[in-house]
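Structures for review follow.
Two complexes come next, and they have one chain in common, subunit A, joined by subunit B in the first and subunit C in the second.
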Partner chain A sequence: MNGYGGNILRVNLTTGKITREPTPVDLARDFIGGRGFGAYFLYTEVPAHADPLGPENKLIISSGPISGLLVPGAGKCDFTTKSPLTGGYASSSLGGMLTAELKYAGVDSIILEGISPHPVYLFIENEKVELRDASAYWGQGCITVEKALKTQLGEEFQVAVIGPGGENGVSYACINHDYGREAGRGGVGTVMGAKKLKAIAIRGTHSIPVADLDAYRQSGMALFKACKESDGLKPWQTYGTTIVTSWCDEVGALPTRNFSAGSFEKGASLYGPVMREQIVITDKGCFGCPSPCGKYSRMKRYGTYVEGPEYETIGMLGSNVGISDIQDVAQANLLCDDLGIDTISTGGAIGWAMECFEKGILTLEDTGGLELRFGNVDATLKLIGMIARREGLGAILSQGVKKASQVIGKGSEKFAIHVKGMEQSAYATHNATAMLLAYMTSDVGAHHNRSWAITYDLQVGRDQVVPEKVARIIWLQNFRPMFDVLGACRLQWVELSIDRELYVPVLAAITGIHRSWQDLEKVGARIWNLTRMFWIREIEGFGRAWDLPSPRFYEEPPVTGVTKGQITRFEDVQRLLDMYYEQRGWDANGIPTPETLANLGLKSIID
Partner chain B sequence: MRLYADDTKCCGCRACLVACSLNLFKENNPKKAALLIDARFPEPGEFKIKVCTQCGECAKVCPTGAIRQTDQGTYYVEFSECIMCGACESVCPEGVMFVRDALASSAWKCNLCGDCVAVCGTSALSIAE
Partner chain C sequence: MITIKASGPLKSYLNGSSQVDVEAAGLSVFETLKLINIPAEMIALVLINDQPAAKDTILKDHDFVQILAVIGGG
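Entry: the complex of A and B
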């Protein structure tokens, strides 16, 4: 099949049985690839109410039709599962080289089922697929194990690995690849750990077929040319995602001390130019990327190296916990990467715990003697290790802030910053109603990548609550995740302002099927509604209440910073949801109507 | 004319490898590219690019004369005349002469097509005298 690896690899870890089935043509037509394949397999194959950490849950790893080809940023890999953090849908995107290698091995999706009786790793070299003993690697850090496997198997192998966080059942464990790229969110690494799968090592040497080679080369080259001629290229290459740190601080979107404010008085020492000058030693791109946001850093004070930190990590393990030295943030980043836990959720959990400590809700006895005050670097670094080992207070924090606040109580639920149980990523939304709605309605919980609308808020009026804002969020939610379906990065469109119409001819030349963006957005809406139905199926009583943000954003205006005194009124939060549900074709409780599901071709799957 | 590489600008994305395999073999397969990216991580954290310098050592040892020069002086492999003896690979000082019978029925090397330069977003590659 043109543009595809051509096979679905199914690995049953309980029995050790491995099968390779041709990728269904109908599946490629209706769900295209990547995140679409993941959503389809999750809904149709995982039985209702499966334990996320039990044998019935599956971890689905998928490339898309653009992955591994001559298209800018063709290096995105989707990891889908039932989330141990939220109990709902999890889909996390990984950059780096894995997705390309998967396709060169002739594979579109890996479906991991069951639980291995002992630690193993999955070896894939084209058609040779084996489960191999990984007892010697169990308990070791991600970076050590990746290096060991590459040394043993060869540098051409691409490796994805979990750390102690995933082994120990931290609910937001991630999967690490290429020494610092992560499938970070929703606990995909936790599910891999529950399956006793320490790592996946892939090498592929097959060529990927395309429908019209000349048209593909021409249109692929045109995309590279457009990227290279973009005014946005140089600044993005220089700073990557950290280009927004100063901007977020200036507009009150930089999460500060557990999102109690949106500006950090010591923020300037975390800005992109400071990081570039102090610690960055090289740029590091994902597969086929002309505009690498990856920055590889050396922390002289610690004698260590890390990929990053990215903006999200700077926000969550910097300002959100009151840390202002970029080397300290980078070291916290490294610990999370090596231990295999998500930097965003970890920063959210530690920020929440620090606020509990400063308010007297947690004491020195609770923290094991840690002075858990905002800005305490030593306590932060120690607590990261305690979370990964699920030791003391770390065990409580390892469940995420929603469950931790239910355990601790005493009003701490009010400042547990999450939606649907997922810690909010690094945009403070006290007065940014589009971004607030984006977090409220994101399909995985409070994550930004489906719909990044903070600049749009500033363009149209940040406190405006109007149908046009809601329509913008829905459009972004249908459109942006299509890059995760195609297996490519969205940032060339976002940051280099590449005309998205340039992707239409290259996709047609690759697959032989012409799809307009209107066609693609309909697939986006299909996936969005299918995953909504997954939440509804899995969580009894799921509905409107799950779409509400943290009360901090409608009850507690910041007392410092540029958004001081600003808040979104609760009635406006509800109005946003009313308009959103109406425009989505959902009922007043946020449930898709039968007509909506039928219009999207989902009736047979849901029934 | 030859290809030059500036290691300090390389971000290791490998777009050049895909572009190369497409030009040489009409295939999407970076394992069939005529340049190499050596990623040295987690330490010291750097990329090293290996490219053909057009030194011609490969042509000197080719027993069938399959490695020829264009009018501009670029060495290339005439695929139909290669017997896969491996002599060229062993003398290449940069390690960018490839003889891989599992991947192709001929040796291959850089033919200075320039497609790698065209797709390199960080300008790490260039062609000059």
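Entry: the complex of A and C
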């Protein structure tokens, strides 16, 4: 099949059996690749109510038809599984070089099932696939192990690895790659750790077939040209995601002290230009990227280096925990990366714990002597280690704020900032109804990358509860994740403002199949509804109540900052959901109707 | 005279043009944006003569100001 590696690799870690089968043509037609393949295999192959950490759960790793080819940012890989953090659907996207190597090895998806009797790593070199002993690496940090494997196997191997966080069962453990890229959210690393799979090392040397070589070269180069000519290229390359830090602070979207406000009085010391001046030493990009937004930073105070921090980490391990020095944020980033835990969920958990301590709900005895006040850098860095090792309070926090607040109680549930059990990422949503709805209805829990709509809130009116806002969110949810299906980065479209129509001819030239963005958005809607049905199948009583935001956003207006006194009324939260369900073709409880499922070609899968 | 260069969706506020000259010496960036009807809250980054600047920076004659929109985020 043009554009594809051509094979699905199945690895049973219990028995050691490894098989290779051709990628089904109708799967590629209906679900295209990447996140689409992940959603399909998750629903159809993981038995209902499987234990996320048990042998029946599967971790599905997929590239897309654009991955590894001459398209800007063609370096995205999807990791899909049943989440140990939420109990529902988890999909996390990883940049870097892994997905290209997967395609060159002739593989579209790796499906991992079972549990190995002892720690192993998966070795893939084209058709040679083996499970190799990883006992010597178990317990070691991500950076150390990736370096060791590349030294042993060769630099041309691309490595994905988990850290102690995944080994120890932290519910939001991530999978690391290229010393600083992560498949961060939802506990994909936790599942890998439960399977006793320490790492995956891949090398491939095959070509990828394309339908029309001349058209592919022309249309691919047109995309690169559009990126290079974008006025936004130089600033984006200079600051990366930190370009929005100051703006978020200005408009009240910077999470501050456990989302109690959206502006941080010390925020200026975290802004992009400050970071660039104080710690950034070079830019770093993913496969085929003309606009490298990664930043490699040096923390002189600590004598360390890190890739990052990105805006999300600056928000969650900076302002959200009251820390204002970018070197401290970068050091916290490094610890999370090496230990293999998600910076967003870690920042959310620590922010919650700090509020508990400030309110007297947690004491020094509970924290093991840590003065867990907002802004305490030492306590933050120590607590990150405790979470990864599941020690003391870290053991409670390691299961996420939803479960932690259920254990601690005393009203702490009210300020556990999550949706469906996933900690909210770094945009405060006080009186920002479109972005609030985006978080409420995201398919994995409170993550922003499916639909980002804060500027839309500002354009239309922050407090407006209108059908247009809902339509915007649904359109973004059907459209933006398609980049994860195709296997390419969306940030060239998002940040450089290039015309998305330029992707249509290159996709056609690669696959030989013409698909408009309307066609692709229909696939997006199909995947969205399939993963919704996964939640419904897996969680008894799943429905509307699971789409509600933290009460903080409808009960507690900020007392400081730009959004002081502003809140969304609970009746408006409910109205947003009413409109969303209607526009999605779901019933009043948020369940897709049989007609909706049939229209999207899902009837046979769901039945 | 100050030159304002707008990128991406901000061009729509300048009738499709990417650049405009404005008599704004002595005004802040905020005030200048108001003068040319561009909402300040849509601007993620301001560069004055290639250097990052705050929106309350007072502009000088012959300053070259580049403004970048917040586009899609995340």
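The working rule: the second predicted complex is superposed on the first by the 607 of 607 C-alpha atoms of A that agree within 3 Å, B and C clash if a C-alpha of one lies under 4 Å from a C-alpha of the other, contacts with A are read in each partner's own complex, and residues count from 1 in each chain.
Basically, contacts are C-beta pairs under 8 Å (C-beta built on N, C-alpha and C of every residue); 3 or more make two chains touch, one makes a residue touch a chain.
In this text, all values refer to a predicted model and were calculated from it rather than measured experimentally.
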item: First (subunit B), second (subunit C), both or neither touched by A:Q218; value: neither
item: Greater subunit A contact set [subunit C / subunit B]; value: B
item: Touched partner set for A:I454, first subunit B, second subunit C, both or neither; value: second
item: Which of subunit B and subunit C A:S516 touches, first, second, both or neither; value: neither
item: Partner chain(s) touched by A:S135 [first = subunit B, second = subunit C, both, neither]; value: neither
item: First, second, both or neither for A:Y239, with subunit B first and subunit C second; value: second
item: Subunit B versus subunit C as contact partner of A:E250, first or second or both or neither; value: second
item: Subunit A residues contacted in one complex by subunit B, in the other by subunit C; value: none
item: Sites on subunit A touched by subunit C in the complex; value: 230-232, 235, 239, 241, 243-244, 246-247, 250-251, 272-273, 311-312, 425, 427, 448-449, 452, 454-455, 458-459, 480, 490, 493-497
item: Subunit B - residues contacting subunit A, complex; value: 8, 11-15, 18-19, 21-22, 25-32, 38-39, 41-47, 102-103, 115, 118-122
item: Subunit B-touching residues of subunit A, taken from the complex the two chains share; value: 68-70, 72, 75, 97, 100, 104, 143, 147, 155-156, 178-179, 205-208, 210, 213, 217, 221, 224-225, 227-228, 233, 237, 281-292, 294, 296, 298, 305
item: Parts of subunit C lying in touch with subunit A, wherever the complex brings them together; value: 5, 7-9, 18, 39, 41-45, 47, 52, 55, 66, 68-74
